[in-house]
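Quick one: structure below, then a few questions.
Order of writing sets the labels: A, B, C and D. Residues in every chain begin at 1.
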């Protein structure tokens, strides 16, 4: 009972945070609301006793990735963004696409549930009961076994994709830097042109 | 010197902190530390008509009790407790202008150690400071910065003018030196000396602590910064007579 | 009264006690810091407010409460007000997973089982890292929302520093996880039962030192307090904060100090275990408190002894020394554990 | 005389108006017209090689009615370790070529000499007041400037947003 009430509270907060994220004109406010949404999602994971996933949700999404976003946004001139028109012609396409995605989610969930449990949507969580988890040696053990035994191939593929992205980013940065290697544009004795001096500073 | 008077009239004059009352360090001995000497005994002071800060001064001179936004006066007991706490946690601005700052550092060092009264936390940001020790001469170019730093300190705030230069410009009655920092900002305590010994500054800080404890400020009844008043008077005068009167030439 | 209600009551009592204890402790730790600073510099420190100046922090609190609260006109007011709390709350949350006594077993209090931990769940150790990640927001947002260039630079510095050192910290912690075979703080402490040479500081010496250095950077304390380098950045991300808002930041910093000291004691110094098994008659919380105070003292010792690093030195140390070292430590630990069992 | 003085006198001859040697402190006086040329020679010649301008300062000598102002440059050579003082005499309002192209450190020194004595420098990149306020009037280090009184400038408190 308590779990259900808490779930409803966190779900409402999650949705409210998500709506706030896409409606704020101030991008930092939107970003903070996104972090708030992630924290609420983590709370929902917590309610389902998926502690590790909840922690990773906070650590990776709310902690690491969003901080990078905040870093980038802090360097931008927010005033110019706020004056820009926030909605444009693509909104109708976006609307149609989001409805389609929603339909897909519902259809997939419905199909999975139906295949496994008949028509009852109430027991979607399935898989393990708390007793089973305790017998298997705790939440993390079960999670680790699923990740490194059953799902090893997708896990490793994801790692390789991330590694490729990382290496690519490093190569791109290196190339750009090589192109505009700074050379000394004035002799020590000579009077530097004002723009050159400013550049060097 | 006729020239000098015109110049003083031209926006750089001694301000009148208390509306016709004694002004400047020399006329306010009760706020003054004698360099290297102990303060005269309390009896002497009361006998000579000088009173300790916080003793029997006229009500209209001081700002009266602290008021909340609604105009409700803060109960005096709360004010006492707050003042007691504040007096042991006076954090000066980390700000030295000239050679007096060396003596200020000596006071922070291990021989005199102002941390005994919780004053060692010199804040670099004026937002977190409780007051200023104007240590040293202030040049005319520096003066706007001093005023700005003073304004950035949140209320309640206190100012101690340290050294003859900060009090009166010392011997440098020249083109470059502000003749007394009290022409710019309200000053609570004057510590003469060139530079004052750390003991003298320490006694000045003790007097300042006394004022902190009793919630008395130099800006009581003033609430505006003299330099800004000067500016307002200047603008008013300039508006009154359009051709600028008395250009100062060297 | 059934067991669930009893546990709920215990939980509330534990949470309240923990908060009060930490707040009181912090007030005196600030006093200790000033006193130790005095001792390390050949001064005496606060002496007048209270016996030997012991109530110095309360004077500061009175003062900060009565100061004018300034919010700059150009600041982002909501974020400016939010930032201190973002800094403050994660610091307290980590206290929930810190075991300060034995957990589980037979009923020990009024016929009920009293666990000396607020929240006992798997992956409690990850909570430490997750909350470290959230605390970065407090710093970065404080810097950004002040709309001041010094604040922004200070916030960026502090944020970049905390993120960089969190990696090394995480890898160092994984060594302990591998040794204990669990991410549960309670199991980590139970894995260290025995005399003081059975604690994890001996096998995880390198990891422990890395964790200690990284935690200095996480706490933004000297020698890594570049975020508030007065010479360059006025007061860093705190430049525009005045009065009690600034006080909250300061308070959160010291709460973090207590929490990190508790974490170090728990991970590497046996948590609530006595150094010798013969001393087990003294209750666990006392031992943990003693260890926390010793760690706090070591943090202060470092702060007032070592001077500030330059920013590039800080970054190259984090990425080129500590991170590879922590990964190597993890690899060696994993191999040894795999062979020895 | 040292090899240094020999090199300079050999190059300029009579254009060196005066040479002095006070306990090893070498001084030469040149005409304002030769100022830049001599200093360029001092920097670039193999025998002198003055790679550093120690300081550059002005002076006011009202008793010297013809040329009441003096400009003094102190040079240091890190190659040979020797020093040289180069002087020139100027009249009121006379300008000399700036030596910022030889030693960038001359920038502030020349600004200060201009601000305090009114000595002009042609070709200086940024000849504005350095120590006094922007609207200061007069040259305060001149001997005829009043010793007492707040003259020339005034306290500006209307600088909100600028400082």
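In the analysis below, contacts are C-beta pairs under 8 Å (C-beta built on N, C-alpha and C of every residue); 3 or more make two chains touch, one makes a residue touch a chain.
No experiment lies behind these values; they were computed from the predicted model shown.
Undergrad: Which one of the chains is closest to the middle, using the mean of its C-alpha atoms?
TA: Taking the mean of all protein C-alpha atoms as reference, the closest chain is C.
Undergrad: Among the chains, which is located farthest from subunit C on the basis of C-alpha centroids?
TA: Comparing chain centres, D lies farthest from subunit C.
Undergrad: On a C-alpha centroid basis, what's the spacing between subunit A and subunit D, in Å?
TA: Comparing mean C-alpha positions, subunit D is 64 Å from subunit A.
Undergrad: Suppose each chain is reduced to the average of its Cα coordinates; what separation in Å results between subunit B and subunit C?
TA: Inter-chain centre distance comes to 41 Å.
Undergrad: Suppose each chain is reduced to the average of its Cα coordinates; what separation in Å results between subunit A and subunit B?
TA: Distance between chain centres, rounded to whole Å: 55 Å.
Undergrad: Pull out every residue in subunit B that's touching 2 or more other chains.
TA: none
Undergrad: Could you pull out which subunit C residues touch subunit A in their complex?
TA: Interface residues on the subunit C side: 76, 78-79, 82, 121-123, 126-127, 129-134, 136-137, 140-141, 143-145, 152, 155-156, 159-160, 163, 182-184.
Undergrad: Where on subunit A is subunit C touching in the complex?
TA: 26, 28-29, 32, 35, 51-52, 55-56, 58-59, 62-64, 67, 70-71, 74, 138-140
Undergrad: Spell out the residues on subunit C that touch subunit B in their complex, using ranges where they run on.
TA: Per the touch definition, subunit C meets subunit B at residues 34, 37-38, 41-49, 53, 56, 58-63, 65-70, 228, 230, 234-235, 238-243, 246.
Undergrad: Can you list the residues on subunit D that touch subunit B in the complex?
TA: 131-133, 136-140, 145-160, 163
Undergrad: What does subunit B use to touch subunit C in their complex?
TA: Checking each residue of subunit B against subunit C gives 81-82, 84-89, 94, 109-110, 113, 115-118, 120-121, 123-125, 127-128, 130, 154-156.
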